[in-house]
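This is the structure I have questions about; it appears just below.
Order of writing sets the labels: A, B, C and D. Residues in every chain begin at 1.
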């Protein structure tokens, strides 16, 4: 039984991440957004932890540096929110402003909200993965040393 | 509908409170989750009467209040973050005290208080 | 200085600090410098807040109600100043007292600062909740600082009880939105003036209870003694000195500004709760052996004074509430920090702050209590005046009983130069304000001026 | 501006002495004394050249407060006393403290701190007597309280002196807060705190009795009058210079000074003055009787002080113009006697009358000087003390024979206990002791010289006494001080008092044991006993309450939720609102919603019965998923999606936590947790009922036109077809930034709680 679960889960990782990306990019137009995207990506990593264990899961850079990623996300979010003040806009002004022409085509529009949502995604991903990672670490040590 | 929704809010809240009042750390954490759930339900229940399309809105059609939805989302996320913190705290607390029971916490607390009083008494 | 300055600075700083190891000295100094910068930025806003038009902006320049309005009137500014100063002092203390032992301590303190500043600046009920949660969550994470079993115990109690408070607050905000259709405080004020008189009573009650938990007055205070006793001294100072300000500010903002009609109906209740907390806190402080427990009960009695002041008719009582909250914040920080150590310096700082808490001149606390006494007498409310006198006498007794315990004579863990400087600075501030009360009196009077539509 | 000069000089003394003390320990006392004398010189110079004046400086305009100082007879007299005696006491402490500190095992450098405190006290006293504003009076009064606390508790290793300090702090502090309440009432009544204005307005509109009683209580507490007197004997645990300064010329004088300063307010209130009169006589009698039997010297003097300020209180209550003079004449005598007993304690190491005798042989100069001081205290002619009794009798004579008799007995007892003290120290069988250091004796000699000078040239006293009386009563004074050799009632009373005193002294062995027994019995019902009983009961109440107080986490939570619930229910009950509760229609379209809600409720109810932890967690997630379904059916797809994801993550996290927890601990907790208490159920019921009714009420009154509709209109302009996304990222983006910071803060908390470092607990 065990033999095919780990490779399968590894196979599943990338599609899940792509779905997460899609959730992120589509957030402005339909259901989705940064938060579900981050949580989804986090779940995908969680699956790795469950099936292949902590050491294997930590092969991915994004997993090892999940907590700093959350920090980057917060900087992105705060930056998007407050950068416009440098140009004299009110905080939380997103671009293009109302009335300005939109860039992009089809379902995808370029909008600073995307950066904002990206930050959200990173933060949520960071939280989920870090908590899992720490729990997994504890489970490992607990067995060795006991309470 | 109003009655039903508020009944469920009250019920969830009561169950949550009942769990928080258990003397065991895990159940206390579960209770807070239920309580958070009840308040999110209350938020969304505010838009039950006029619920309608949320996406591709057309003017004049019934609309689920988007502000309420965003409030609910924010509340969920905050609740999630705080609960994650609470869970780790449960873990650390039970390790430090060697027990999952809240009365053990109280006992440890009292022991310390008595120690301080004895020390000051001399 | 634009309004977003004092908000942005700690926010960005917190995000940056989250990456860094707070146990390193330079990281701690970075946090300290950042908080000091926040303090300066806030102080820079003073003249604007005192001008005819309080500085404000709406996020994204959206119409009122759609965007979030941030606004800094006098009340916001004075609370932000005092809270940031208290945070700064505590952070410096913890750093120079022997080094920060947790990686995330500076970042969390800075986040707490960002949350508090946001709470004080926002003019949107739900945004208030978000910032409130930011401050609370940072405090939750801070509460276990030290990570001894007793710290963890305190943190657990603190988190669970305050989660209830947060839920109550969230519920109240949502009910406000459902009832008034807006989250913008100024719009709610307008709605309240036109709407039916009892419509906002329910959210008002919930808010009172939610802030009651934060401020810790009877009967919502039962968590406070255990948490203040078992959390680390610095954390206790943060919780009692800075975080409790949310409670008093929230009561002032929502009670006086947003829902004056509800406050008017709640007055008798506030009086009763205030009297009960004053008596309860003062009496229980008497027999406690642990200095921090004494301080915890003393702060319950202080909280009682604040809401008793809110319960008084007329503006003088509200001014007194502001002054009590501001002076009490510095008092408690100084007390919690000073009682941590023994030796001469700690004794001096403690005694100054204790005199201030008991309302003995020349300290800031005296003026705040004097104001309450004045308001009570002006309203012909003699029982409250008697209660204030009684509370002063009892807290004098309790605080100085603690002061005289043997522990203080031990010279071992004396305050050294650095920590001494922090507590000295706090007590010096108390004395300077005591000798020249004009800033406190102005702050108290003007902070109330723009609020609500009271007669 | 020159009015400030003596004050500033007095204020500068303490810092100067401290600086000097840093340089050389011994220099502090000399610098301080010099500073005090210079201040005294400045005061006398200004008084003689310029006469009364006032000074007003801006202070706190918000409250209409200004710093107001006055230079009048009262302030001049009391400031001179404080400065003069202060200078002598500081010098005395130069000789006294090194020995004392060595005995206490403390570093010699602490002497500087002591002298600094004494000088600070002096400055506070000068401030108190010169300010002319009710609030400032209180500020200065409490300054003296604070410094006296530090001074009385100076020997902080000694539990007795700490207890004494606390007692005096609480008693004088509490009474001064009462004084403040009175001052505040007056300030509000007259719309100002400025004393001249208050007095002027009080002439038309007398002050309320309550306010006056409050003011009087503050003064009585300070002056150690019945029933607040008992702090003073206890305060004798302080080093002797403290007693000789605070408890003769400074702190206890402050109370009577206040009454004199505020006399115009009291003048029309005869009931209050009658009460003060009674208290004065009572203190007089009580203090004298106790002084007759007390054994430790300092206690004799302490009781004597209570009695003597009883006289002063009687004089104030009678409105006598001799009141300021009485205090001024008494202070040097009492200070000199205190200094004497301090010197004796230092030389002999003894503290009780029964342990010493016959010291006149070894300490002749001290014996002589203190004899003069004792004579002054007991009003023997040729000392200034004579006049204090003369004005006292003069005030009593018009009131009739009963008052005269009381005065006679009081004065007689004064003589008796003074004789007893002096004779106990210096008379009787010879004891040989080493000579006292000169600096210990010199201040006594100086004071004795002054006492004699006042007695020999009474003209010197007349001017200041008149000026002070004028300032007190607001009318010109006709006070005369001279020796009259005729049979006027004052003289007869004085002679009678001497005879009585001599008789009492001669027969002392006969009545002392009986009197001490009686007094001991009386002390069981006295004020001190009452105070202790009150404190004890308060302590018991406090302990009892603390034992009853909730300490369990459960009760801490319940104590938040139950009052909130009850309050909520009560609010619903009392506020009338039309159509508070609406049931709301349920259509066919709602069936799915209702079903999902029913699922959620069922799962929530089932959690209460769940035994295993895993089952519990699954049920909780069931609740979450059912709610997600509700959100989906309620046309809130974003919320539903997020909710599903959060629930999933959460369930897994919970499962992870359960995996972390030791098996046996979980099982044990599980077995023990299944014993719900009745009140927990009740609490949950109240909270739930309240949550239900409150949400029902809120949901029944939805505002039709919420901001949400505006956002729908604006979403198009905001380039975001998904309105919820627009609200989250754009309109209310700041909320989202805050929310994300919450997440990061929680993350920081998690990382610090579950650090990566191995082996850390």
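As a convention for this text, a contact is a pair of C-beta atoms (placed from the backbone, for glycine too) under 8 Å apart; a residue touches a chain by one contact, two chains touch by 3 or more.
Predicted, not measured: the structure shown is a model, and the values here were computed from it.
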item	value
If a chain touches chain A and chain D alike, it appears here	B, C
Comparison of A-C and C-D by number of C-beta pairs in contact, larger one	C-D
Rounded Å distance, chain A centre to chain C centre (Cα mean)	36
Inter-chain centre distance, chain A versus chain B - centres from mean C-alpha coordinates, in Å	25
Distance between chain centroids, defined by C-alpha means - chain B, chain D (Å)	45
Where chain D touches two or more other chains, by residue	551, 553, 557, 561, 637-638, 642, 646, 649, 653, 657, 660, 665, 691, 695, 698-699, 702, 706-707, 711, 714, 721-722, 726, 728, 730, 732-737, 739, 741-747, 749-751, 753-754
Contacts with two or more other chains, residues of chain B listed in rising order	20, 25, 28, 42, 46, 55, 67-68, 73-74, 77-78, 81-82, 84-85, 87-92, 95-96, 98, 105, 109
For chain C, residues that touch 2 or more chains besides their own	11, 15, 18, 59-60, 67-68, 126, 130, 133, 137, 140-141, 144, 147, 156-157, 160, 164, 171, 174, 177-178, 183, 226
Category of the chain touch graph - line, ring, star, complete, other	complete
Contacting residues of chain C [partner chain A, same complex]	2, 4, 8, 11-12, 15-16, 18-19, 57-61, 67-68
Chain A - residues contacting chain C, complex	68, 70-71, 74-75, 78, 82, 85, 89-94
In the complex with chain A, residue positions of chain B that touch it	55, 73, 77, 81, 84, 87-88, 91, 95, 98
Residues of chain D touching chain C in the complex	59-63, 65, 135, 138-139, 142-143, 145-146, 149, 153, 156-157, 162, 165-166, 169-170, 173-174, 177-178, 180-181, 184-185, 187-188, 535, 538-539, 541-543, 545-546, 549-551, 553, 555-557, 559-561, 563-564, 567-568, 571-572, 575-577, 691, 694-695, 697-699, 701-707, 710-711, 714, 730-735, 737-739, 741-742, 744-749, 751-753, 755
Touching residues (chain side chain A, partner chain D) in the complex	27-33, 35-36, 39-40, 42-43, 46, 50, 67, 70-71, 73-74, 77-78, 81, 91-92, 94, 96, 98-99, 102, 109, 111, 113, 116-117, 119-120, 123-124, 126-128, 130-132, 134-139, 141-142, 145, 147
